[in-house]
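After this come two complexes, each holding chain A, first together with chain B and then together with chain C.
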Partner chain A sequence: MNLPVPLERLVASLSRLPGVGEKTATRLAFYILREKNNYAEELSAALLDAKSALRYCRRCHHLTDNDLCVVCVDTTRHSGPICIVESVPDLLAIERTGDFSGTYHVLHGVIAPLRGIGPDDLRLRSLIERLKTSAPPELIIATNVGVEGEATALYIKKVVQPLGIRVSRIATGIPMGGDLEYLDQITLSRALSGRRDF
Partner chain B sequence: MNLPVPLERLVASLSRLPGVGEKTATRLAFYILREKNNYAEELSAALLDAKSALRYCRRCHHLTDNDLCVVCVDTTRHSGPICIVESVPDLLAIERTGDFSGTYHVLHGVIAPLRGIGPDDLRLRSLIERLKTSAPPELIIATNVGVEGEATALYIKKVVQPLGIRVSRIATGIPMGGDLEYLDQITLSRALSGRRDF
Partner chain C sequence: MLLHQLSLYQFRNIEQLSTHFADEINIFYGDNAQGKSNILEAIYLLCTLKSFRGSRNQELIRWNQPEGFVQAEVHRREIIRDLRVVLSGNRRSVFIDEKRAKSLDETFGHVHAVLFAPEDLAISKGAASIRRTFIDRAVFNAFPGYYNELKAYDQALRHRNVLLKRDGGSIPERTILDVFDQQLASLGARVMARRFSLIEVFRPIFRDIHRDIAGLSRDADLYYDPSVQPIGGVEESALEAALLSRLQNELRKDVGRGFTSSGPHVDDLVLMLDGRAARSHASQGQHRTLVLALKITEIKHLHTILGVPPLLLLDDVSSELDEHRNNQLMEHVVQSAGQVFMTTTDPKSMRLKGKTVRFCVQAGKLISELSS
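What follows is the complex of A and B.
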């Protein structure tokens, strides 16, 4: 396309973002170059700053710019259950509900033998350490509801059982506003088998 | 949402991109932080580099990292027509057709009284200078086909006429694959009045 090299490089770099193809990347690049108030410099600094300042919470592996994350510094939450999630976005989704007052443990992945990811690639050892030193009233496994998330949940249950801690799994069933007609069979089967007295 | 400050800042900065809301920005930020091979650093450098190295071609105001752009350094193109476009993406669109062998003149805007943009806010003075020193065989006005683009085209025609240069306007009509049934009335009227012997 005969673009100047620095522009080509910016387009190539932006193209690596998820959901951004070459066309969108070009549009974004032109926008960034035209934008006032030193936007390019601001974004550049924000990238470097986020990358260098952010790390994982020593206790739960949530993102933080400190030793402990915003959840773990709140000691009133330490007596609650521990909720195990796959990723930081999953943690944030649960935080947004405002219904959970315990702490988290972020695995940073799921067991996925096909992709060569085993239990040792997850933050599981630190979970066991945590459970040994502080016994929570409950362990809520909130990995995603799919083959890999389910396998990971089963694995954690097996590993944790000897410690005598109550283990639960987030409920599967029909989502709010879900239409029975259009739901997949597995979700509907689970909703049936998981029915509760009413 | 209680995100660490550096992450908040990155999300806010990414949210300024066109078509990127807070949710997408958060997703992009997590992607960037997780991505290997120093992606954050690479993107950050590409931004700064593009911003500092890129400028406008002295002759036609296309983007370049030199004094003249890739089109203007090719002196074989200097004898061809001059094509006037609103923006660099428009120039690139015409270059992609491979059907134009002249040079360009990028206005960097259109006359838009409602947004307070007058002729003096465009790169029009340098166009007049160019036309006085080198008389091109033709001036093709390729501003977009809308109220502002049309008004700008008319204005340029009026200003250029005294110089005795042939002025043309890109054709309006039915786009390839266009269905008469679904076209707007104005396009269809234009296609009718612009009909050619067949």
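What follows is the complex of A and C.
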């Protein structure tokens, strides 16, 4: 079945979104077209506005519509540790815990030679600059646990070492409310080998 | 462990098939290219999610069909489970009692089989990679999480190899290389430690079995031959230190070759016969005996882990059964296993003890069943 060209173009653009297949894209497209009250105008304005108004924070590279993000604007957080994350969604996840009172540094990726991503493609140089000007009490590396996240963590540890800042890595192990019997073997054996005195 | 019933749908040349099996020996006979081995392949797929011919879904799903499945009812210690592997596009999904398996633990471990095919002679005669696959599968059977450990090692290895090649023969930037060397050493040490401890378990069983089937005058042995010799023991930490210093010392050579020359990905399992390496010294018959002894070791090992003997899949072993002596050897294998499934072009050559059902396979259909 051939859709009219404008509709097909809309479906094609929507289906490029992660997690959205052809079917869902078609459903969304029909929804947008059918919806009254200028929904299409509202959506396109919101998209364009977000795209043009949003940029990365000068200090930590979190998303913001200002020079500094909401975290960096709060100077009471400046004396706390810096938490290094791979992406903005990871930052938001930690922020939601409400337990972290320092600032962040978003790398926007991990080191992955296989995909041609090296340290220079990450926001690492600005991290070093930041550390030189304002030494935090601690650097918490919160990259994901996997070959690439682990390699990135090791790399940061190596380049930061000469600055004499305390570096820590987030713990891995048993999730809260996790029943041991339902845990997968990898998590469980990691938790066992990473046990601590009690 | 018993496979009571099996259904295939749009699998290879089989449009639809549903059958029940004997608890002891099941023989599939018929001319070549009728689909005998496809039935064994389906059972193997249920156990491992892999094709023993290394085929992709495209080849496994019947021509011009969108999807296919293999389903079976498995009895183990009086527990009955319904297993289904659905092949669709590039995906293989597992359903246990109609519920989709999500984790590695849920997916594997419900049914185990040991396969013996004529090509298995290569375990003794062939390349090291064939022996690594053999050990890795045995480790995986005992510890399913090994699958992820091996995958992580492979990923780190590929990252490092890219770094070696990237700068066209000059030494890559040290910090980033160090990072991957460390990863490779720690993940590689884990893989090596698991293989070492498996071989430790295999070795006495293998020696006994070989003595049983080849006679007391023949002395077989096996050991893990690592590309890096650890100083002191084979604990993970010693292996990690040895591997790391090797990676660093061989950097120049590795950059020249464009790949990593040491690590578990080049290690070997060495089979010995009367004090000499079997690979270069054993005769055809001796290779066969060694491989049979290894397979029986694998069966016994699984039996110990699972508490029940695994299934045994014998693909096209009629040529093996020509001689009286080989028939006796096969009897050894069959006796060590639980339920047996075998394919042959010549059902008369099969004289095995045990309750037997014969299935004639013709053009993807089972056309008769004979019990004896």
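The working rule: the second predicted complex is superposed on the first by the 193 of 198 C-alpha atoms of A that agree within 3 Å, B and C clash if a C-alpha of one lies under 4 Å from a C-alpha of the other, contacts with A are read in each partner's own complex, and residues count from 1 in each chain.
As a working rule, a contact is a pair of C-beta atoms (placed from the backbone, for glycine too) under 8 Å apart; a residue touches a chain by one contact, two chains touch by 3 or more.
From a predicted model like this one, the values you see are computed outputs, not experimental measurements.
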item: First (chain B), second (chain C), both or neither touched by A:Ile111; value: second
item: Which superposed partner A:Ala40 touches (first chain B, second chain C, both, neither); value: first
item: First, second, both or neither for A:Arg27, with chain B first and chain C second; value: first
item: First, second, both or neither for A:Pro119, with chain B first and chain C second; value: second
item: Touch count on chain A, higher of chain B and chain C; value: B
item: Partner chain in contact with A:Leu54 - chain B first, chain C second, else both or neither; value: first
item: Chain C contact footprint on chain A (complex, rising order); value: 111-114, 118-119, 146-148, 150-151, 154-155, 158-159, 184-186, 189
item: Contacting residues of chain C [partner chain A, same complex]; value: 103-105, 143-145, 148-149, 152, 155-156, 158-160, 162-163, 166, 175-176, 178-180, 182-183, 187
item: Chain B residues touching chain A - in the complex, by the definition given at the top; value: 1-7, 9-10, 12-14, 16-19, 24, 26-33, 35, 39-51, 53-54, 63-66, 69-70, 87-89, 92, 95-96
